[in-house]
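First chain A sits with chain B, and in the next complex the same chain sits with chain C.
Showing the complex of A and B:
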């Protein structure tokens, strides 16, 4: 087998990890609160700035900067829910889309105002690992491993705890959970915090690989939405699988042609799949 | 234990309950019977806090509980088995029971209580890892009752436990009610199946178009000409 193709496949898998993590967060929010956070990728951008400032500017240790970013974006998720989503929970879905879409422009413009438009790098260069003739970026490997750890932690939280069980239940029948002693508003807050924390974790993993700038959310935000819709909105397993399919298309397409064309291929695949499996790849 | 005084309720401009007063003494089983659309389900939803009352007073063990939201009512000791069971179909039986024990005082005793529910309904133990949506109708009713028992309630509300079940299964469900009563629980049960519910309750109320029309012991109501003619087809 062509060694460069193998390298592209491995890179695709590694890229898929972070995308899958973000798809899990978005699907969790959608499944539980029934609202789409259009500005989800921009929460990641906020987290990347937190890491940049704390680590590169103020000289904090990286793990501490990452912990603050995760907690900070989780708190931002709670604020998004309290200030934007909660007041319009009962209104038409289009209003909720417009409100979180407005948040996207607010966050991007606010970041531009505060930090300017230049690309900033936290200045860590992790070594390239050589496996025989294959070169793998250890930053990507680390990101992939941490994304899997995050996904597994989320799985056990949802499966094994009372609050996790309530989160899964509320996505199935939200009118009746009150009879089990579950306060819906509290579950929504916990879910928003978890969604934010996943975005914060993704910010830590992406900050090792990419420069941060106010519009970095635009480079992978649309990708995450495509992945979630492809997997079936709210279907966490479907989204997880779709993330790896899309990342393979982008990575292998980039190897045979170029990165731009690989995105064209990924979106073309998406459009075709919408006709074949409109409710998600795992749903017939 | 539970006492309602002149409670009224409704949806929008529609009034479903007019000055309903009733008493559920500790340790008794009380039935509410009546035709479709009489307001029986509304009455249950008001007691469990899913709908706020529009007027009147509601007390549980002497404490006023009127207007509390549903999740606070569970903490006060009221558990509600809703109409059509409303299990979480894509959760396992055990997860359905787990969410029934969500309130803090029940969580701490989850392991002990889940064993009690399995003792009461051994069938659920066999099916513990199965998705609730794949259970038979009778098993689903067991699971719904078990889920309500997980919060260790003082008062159990049951809304139409026999609805939508085959006649043979209906008999099994009323047998379940007998078993729960034997546990010493106070029960308020709403049913259209008048003949069978009068066999398991101590007293009953007849609700028609949102008002209490008749009340008495089950023996009284079984002998009442109006009930016999209109609701038992005798």
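Showing the complex of A and C:
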């Protein structure tokens, strides 16, 4: 097999890890609160700026900066829910989607206002690992491993804790859960916080690989929605599988053609699959 | 009724007279407001019936790029190129609309499918950079004042064109609003199954508004390209444009005929006002305020500014009418 193709496939798998993590967060929010956060990728952007400022400008140690970013974005998630989603929870779902679209405009332009449009790098270059003739970036490998750890942690949280069980129950039947004595508002807040924390974790992983700028959310935001819908909105395992399919299309497409065409292919694949499997790839 | 017509004629007179005593800068603003009003109205023709598309940039992009490419490479006049772009865009609407409506892809799902469509068109333009110039943009060959090339350095011509376009858009809106299809569409957006049960051809009605909306959006994009003489995939068909279309229409009020126009007037003057007032050092300020405005608008007045004003006058009329009874 062609060595560069193999490299493309491996890079695709590594990219899939981070995308899967983001899709997981978005899926959780959709499954539980029944809202699509269009601005989800822009929360990641906020987290990346936090890391950039704390680590590169103020000289904090990286783990501490990352921890602050995760907690900060989780708090932002709670704020988003309280200020934007909660007041219109009862109205048509498309309104909630559009309201978070307003948030997207706000976050992107506010970041432009504060930081300008320059690309900023936190200035860490992790070494490239050589496996025979294949080169793998260790930043990507680390991101992939951390994303898997995050996903597994989320799994155990949902399966083994009381509040996790309540979250899963609400995703199944919104009305009955209330009768069982679960406080829906509290669950929504916890879910928003977890969704935010996952975005914060993704920010830590992406900050190692990409420069941060106000519009970075636009580059992978649409991809995450595609992945969620492809997997079936609310279906975590489907989303996880879809993340790797999409990342392979992008990676292998990029190898045979160029980056833009591979994205065109990914989006076209999404549109076609929407018509073939409208409820998600794993659902018949 | 005659008083209403008099005010209508009066407003029209003002709009026609404006170019004779406005400086070029304001002409430029007016042209932009009229053109964007037209595009926002075109989006609302679909949006008001609950088909929220986040991918109208796709139609605008096709409409803008097809005539420009034909003109530069084959010397085809925009008089042929623009209709071609419009037809292609309508076909694109048909191709994406038919399976969506057949398979009942609605709400979130419809929004996200159209979002993907916008990305496909935008990224295709970027990917074909040998022909389209990619993200650096594309400049149609300039030939000076020419009816054949539809290029006019003087702003008056484009003012007239965009005014005509805008009025045409409102006429289409009124035509749909008055037609029998409107009630069918209202019924569909309320309850699709029930609408089908009473004999409404759901598919045909939905496709009709989709195709009209796509075609008009493409026309708007084409004239916008002819006017600016510069196309860029991000500014003509990116996610940013698609969302800008949706939000301006919502802020203005997508259920009222003049709602999208009010949306364009408000957002463009806000943008320009902040740009002139604060200069480039305050880049992003307009959109920051705009974003907050949007969130507030969707939370507190989902029918937009015009919708809210209508509600208020309606209520006042009703309270007045009660003692008379």
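The criterion applied here is as follows: the second predicted complex is superposed on the first by the 284 of 284 C-alpha atoms of A that agree within 3 Å, B and C clash if a C-alpha of one lies under 4 Å from a C-alpha of the other, contacts with A are read in each partner's own complex, and residues count from 1 in each chain.
Here, a residue touches a chain if its C-beta (ideal position, glycine included) is under 8 Å from a C-beta of that chain, and two chains touch if they have at least 3 such contacts.
Worth saying up front: this structure is predicted, and the values here are computed from it rather than measured.
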Of the two partners chain B and chain C, more of chain A gets touched by chain C
Touching A:36 in the superposition: chain B (first), chain C (second), both, neither? second
Requested in this report: Examine A:182 and indicate which partner it touches, taking first as chain B and second as chain C; both and neither are also allowed.
Outcome: first
Which partner does A:169 reach: the first (chain B), the second (chain C), both, or neither?
-> first
Intersected contact list for chain A, partners chain B and chain C none
Interface with chain A, chain C side, in the complex: residues 50, 52, 96, 99-100, 103-105, 107-109, 111-113, 115-117, 119-120, 123-124, 126-127, 238-240, 243, 246-247, 250, 282-288, 290-295, 297-299, 302
Counting only contacts in the complex, chain B reaches chain A at residues 48-50, 69-71, 74-75, 79-80, 82, 86, 88-91, 95, 98-103, 106-107, 147-148, 151
Chain A contacts chain B in the complex at 162, 165-166, 168-169, 172-173, 175-184
Interface with chain C, chain A side, in the complex: residues 36, 84, 87-88, 91, 93-95, 97-99, 101-113, 116-117, 214, 218, 221-222, 225-226, 229, 233, 257-258, 260-261, 263-264, 267-268, 270-271, 274-275, 278
